[in-house]
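Got some structures for you, see below.
Each of the next two complexes has chain A plus one more chain, namely chain B in the first and chain C in the second.
And now, the complex of A and B:
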């Protein structure tokens, strides 16, 4: 195996400045937007992303159990699981019979490595009353553990069921898009570990270009069902959510991958809701005026 | 291999920006697909502590409103309602935040709620409103106390002045909790984001009136006070009956009512809230107002039923919301929540 010449320059320290340029072709600088493009047609379900994430972020193992849902024994994203590979077995023909032929592309399997979407704007961040959730200089969304007081309001705010309260430490946790690694010029652990480049890290505009080209290429090869979920003006970026900084290429309906077809930004409901409440109390006040005078 | 070689149109035709508003009609319809029936959303952890806060906070907020109305519109015979309402507000706003803090998973950092103001967060709006409400309610109650002790007009006028901002904040305290639940992704709450603050506000007024009624009977207030409170309670019960029926219909039409029909939620909702919280006060107070025959015991019974029912409302909405978040099919069918 050949070693990159730039890596050889730093054998002494073992630390390569802007290592992401070698591994992901991306220079990491504050003030620019970074994210993930997860191309599910390339996913082989190896779960290297889950393992790399747990390793780097020192996240504890979940309860050891079998779910019975194909090879998905992780179940869901949680406070201590920030990458989760879903397994969808397309086992039956449309008439309900068992599939007897292996499809030439993706076989009969759909696999997707799910992650925090780092939405823009982000419902969890908008809901957070302490400012613990903030947008970093890399346009990612991170919970500051020294500020979070565990109010838990970000949890139901998230349209994707990502962020969760951790019982032992009483704080909310989710994917940080490897904030610490980005600061050090390193590609996030999951993307670096992905052996098929299903998870691609990079600057968002570059990822968008690459993703649209990939869809075009798949369409040209006859896979007309390929589409983007979460890139601007695509499914997943709806109802006030402009884009998901971690976006996906899918080949079946979003629900099949446990993704909402049209997520919405909860904060859009705040003002109409508050005004309805105040109008109601004005009505109550009128009722009180009527009731509290006279004999 | 449904999606691989079936005839149906692919889902992901790239929609143009203009098409993003509604459901793209060219896409195949949702046919109930889920991922092994697994939840998409994480349910909120809210339980009895938050239900208790919603209940007590509602009483505190609405009491300030009723006290102010009684102060401005009524004659001297409303003074009991004003005094009791102001004390009840202060009592409520001292107790309510304790439930909120107890519910935090890191309660020793409660003060971080006042670290920033975020207008997109009902939790932040609520934290600051509670702070302002607590301050103004405290000053108002203190001036009320001085006015009662010293019997001097300046104290009464000062109490009246400080009661105004307290009343404004009280209107938010009594209703923003509906906004708090509505501004989430939980289907049952999100789809009712305009109904919940209205219903919580009405219930806050009902439970506050009930608490004032009990206080009036317990402290031997005048008959006219009891009569006026009973009239108010009857009117609010009628409003609440209509509002909750409208919300039920709304949920039913949105196909989200299933969590309210599961035991024990269904019993708590129907018997606890609808029965004790609405039917009993509507009947007892309604008959009393209509016939002019008043029974102290019946009135106290109806007031107690209203309070219990009001608590059931908060508890049922909180718990049914958690169940709703665990139902992927409920979430998938909600597109643009109102």
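And now, the complex of A and C:
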């Protein structure tokens, strides 16, 4: 009987080196780029990712309050919610009737597990004056809690609204792509917990290949609305952001999922702003001179 | 699960969850699989990626619907009309009539050709009743449902099924006919009394138009489902069905599942890869709890519980009336004697009836709902609850609380203080002058004993696919927390001590019970390993493990706790349930070394049907088990669920004397548990309400039955009384249909989830889902407070106005349906009013399961007048 070869290696010890090879098909080694491919068409909105994230990272719960916004009761990514599932009900036809036609895979009730994008280059990292935010050996972006001074520059720098200051300690917190787990050869908690492989962890190049094939396959299934957001040269990787290491497959406009249609690197906006500022100053100076000369 | 048991022989899912990935079509009905079985749903997604069509039929558009290709909205409780429509469509379709596959499958493997007694009449002739209805007894005499000239024992571990027959010997004699000849049949299917012709007549009224009229599902959508099913059946293609408590929680629940079982028989989908019916169980080890069991009406391994109402007075008579002459159950004496040997050890012998008289006999329906009534009426004085929260999960919660207040004592074993343990001081009734008693007036002495969590104890789960998976202990339970096994073992030991000096005959069973599991550690934790070894069975008195139930004997030389689990611990050094070796991606995919599946590690049951009548695979694509003529045995990817050396060409030679057991079955009878070896499209015995599923309205319905004069299930169990009032049909005071359900984020009574902050925040509060059309009529906005009421009680909660719910046009009327998750109570971080305050105690005639999925209610904007009655925070 054919048995999975890795199953025979570690029957008793309990610890499996490079466990991610078994659970995600990825070997985790420093010096390579890792990320998430979140395929919304496979998401069933179970929120196992949110729970696994909170359990592993020991994050507290938000307020216990019904939001009335479909099945979303955590609302948004925050300093204490690093995975968040968005729910968008789309059951109305234009004539007021219920939509009866479904598309293959997820449709009519959109669910998307959002997360820090681990941008490359990362705006938050550029804004950080202390070096608390850094790029790890796995090409992910992490806040070092012992260095962060809580200045909060990273918060407005993030085009996705991911980073937030935590009230109790005043420091910036966000997804670490389970830096500690990667160092132990484990895939991140959310990806491991996802029952339908909507969240896939792996080496970026492999994920990009898989994602492009998935889009092709969905197009062949008749899902012409499927597209990638955040892979190189796709929507979401715009205005100086080359790629999002956590990228997505979407079937509706980015705004529907609460994603910016064209995120940008704030530093790219510095030069134009600076020039505009200088031009304004120059204009005022010239006006003043003209006025003075006129007198 | 009497429906799957009655149809196929065993009350369990016929297939495995991972095999769904091989399906070409998956129908999910009576289940919100993505929400309540998200891990199993991954295999549905795998099937989808391989090109399968996924169908969801449900009253609500759920997270499951969102991932499907076809969504069919059906009014809660109208499922049989929909399924009957499918049966009617299939048997009259050109494809089914002309493709020889279907004829070969059903004629050989099901009882479709069998001829039924001449005086049988179906519901189409009797306006919703079948022949044999005895109105004064509210039950059926099933004589006319039998095969012509024979009495057919049920497959449900109750072979004695004729309470109307005064003379058991007459029944036994008529059953013996099965050992003398094959049942009468007409393979041409032309005999007007053969099952096929009865089926055709019975389902003729279930036209697509009627389906739309009764269920509210648009005719076009229904037809799309029917065509998709047919298209994905045959030699090359198979389809699977998944259901869960969305079917069982009805007074017609057993018959809903039966209807799906008939569809699967007709389509040739049982016993084949990518086929079958997956009964998605409601908890992690519910399959185990019916196998071992915790049910009042069965002994372990689905053996009949002795009953004072049946000829069970002596062991000899009990065995005589409960042993079918043919089929696998003919081995019943071996299993019951091995069980008695396991329980009473050397105290049992053939000279003392193997101590049969020590087993208590049933005197009534002792299931949970009548038990709650008996408690409310003061008939029961003490209650021991293990992992149960009946104040939240029990129906008619106010009546339940009234009963608990009547008890002398109650023991609650839980991981947190649940609503049941705290009702006496926290229940909304207790701090008002309402119907309930005041805390100081409640005399019930309540013991709350802290329980260990799964990671704090070792043991096995038996999941949905009959798979035993052992788990090790990770850490010791904290403080006074103990495992349930520890509690039961030490309770037993203390009882034995207490009665050690007694000479009273009624104390003998306790004194003689074998209770010698070794213990370990500071807490004297009994060995779960030793328990599983006993469940598996061993020789007596050597206690040498046995590896197959074929080795069990009726002479007392074997002891076995649960015969169907034999093989789980086949050797002293091998716990098969602990095995964790998955097949490689290029392997057979049956994962025979991942845990142990009963029976005998067979993963797809009835897999003889994966080959044609001659024993050849139906197709290369659906190859699974086949007859190896050279080796003269069945072989393939799984263990055969068939006599491994019985050739397809075998015919019982009745001229050589009577044939017993499976020797009476020919080589093309894959359903070895049943008396005739066939799947029962028509059920002659074993079910109390119908041989063929028939549409009846829920006990509480806004409409008259559009199909028959008979309104609801004729033998339905009702307990109408002042504290359990039912609404009349179409009662204008309660015009809306309400359905109750669970959410991904919580687990049933939700004690394991409402106390966990990271789960509680995800669904933090009770709510009612209502369609925008109804909200507009009632001027209710999203998140407004509303009061939902029935004759049993009133609760409040917030409205979640959503288009996922829709109005139904039923028999020319607009029917609104609302939905409420029932997880909530006053304990934990996620709170809400107890939804089961609204529901009534009522039962399916076969299982006494309630109708939480479909009853009627009213609703209004606002809050309960006494704000203290609501527990949700404003």
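Note that the second predicted complex is superposed on the first by the 246 of 295 C-alpha atoms of A that agree within 3 Å, B and C clash if a C-alpha of one lies under 4 Å from a C-alpha of the other, contacts with A are read in each partner's own complex, and residues count from 1 in each chain.
The rule we apply is simple: a residue touches a chain if its C-beta (ideal position, glycine included) is under 8 Å from a C-beta of that chain, and two chains touch if they have at least 3 such contacts.
These numbers were taken from a predicted model, which means no experiment stands behind them.
Asks: Does chain C touch more residues of chain A than chain B does, or is it the other way round?
Replies: Chain A has more residues touched by B than by the other partner.
Asks: A:108 in the overlay: touching chain B, chain C, both, or neither? Say first, second, both or neither.
Replies: both
Asks: Under the stated touch criterion, which partner chain does A:89 make contact with: chain B (first), chain C (second), both, or neither?
Replies: Second partner only, chain C.
Asks: May I ask you to decide whether A:61 touches chain B, chain C, both, or neither, giving the answer as first, second, both or neither?
Replies: Touch partner of A:61: chain C, not chain B.
Asks: In the superposed arrangement, does A:74 touch chain B (first), chain C (second), both or neither?
Replies: Touch status of A:74: second partner only.
Asks: May I ask you to decide whether A:197 touches chain B, chain C, both, or neither, giving the answer as first, second, both or neither?
Replies: In the superposition, A:197 touches chain C alone.
Asks: Quick check for you: in the superposed arrangement, does A:47 touch first (chain B), second (chain C), both or neither?
Replies: second
Asks: Report for A:156: first if it touches chain B alone, second if chain C alone, otherwise both or neither.
Replies: first
Asks: What is the contact status of A:189 with respect to chain B (first) and chain C (second): first, second, both, or neither?
Replies: neither
Asks: By the touch definition at the top of the document, which applies to A:281: first (chain B), second (chain C), both, or neither?
Replies: Only chain B is touched by A:281; chain C is not.
Asks: What is the shared patch of chain A, the residues that chain B and chain C both contact?
Replies: Dual-contact residues (chain A): 92, 105-106, 108.
Asks: So in the complex, the part of chain B that touches chain A is made up of which residues?
Replies: 1-6, 10-17, 20, 23, 28, 30, 33-36, 38-46, 62, 65-66, 69-70, 73-75, 78, 81, 103-107, 109-110, 112-113, 115-116, 118-125, 127, 171-172, 174-176, 178-180, 182-186, 189-190, 193-198, 200-202, 205, 224, 227-229, 231-232, 235-236, 239, 321, 325, 328, 331-332, 335-338
Asks: Under the touch definition given earlier, write down the residues of chain A that touch chain C in their complex.
Replies: Touching chain C: residues 1-5, 7-8, 11, 42, 44-48, 50-51, 54-55, 59-66, 68, 70-71, 73-74, 89, 91-92, 98, 100, 102, 104-111, 195-197 of chain A.
Asks: In the complex formed with chain A, which residues of chain C make contact?
Replies: Contacts found on chain C: 34-35, 38-39, 41-42, 45, 48, 61, 63-71, 73, 218, 221, 580-588, 592-593, 743-745, 757-765, 767, 782-783, 798, 800, 802-804, 806, 829-830.
Asks: Going by the contact rule at the top, pick out the chain A residues touching chain B in the complex.
Replies: Interface residues on the chain A side: 67, 69, 72, 75-76, 86, 88, 90, 92-94, 99, 103, 105-106, 108, 123, 126-132, 147-153, 155-165, 167, 170-171, 215, 224-229, 233-235, 237-239, 250-264, 266-267, 269-270, 272-274, 276-285, 287-295.
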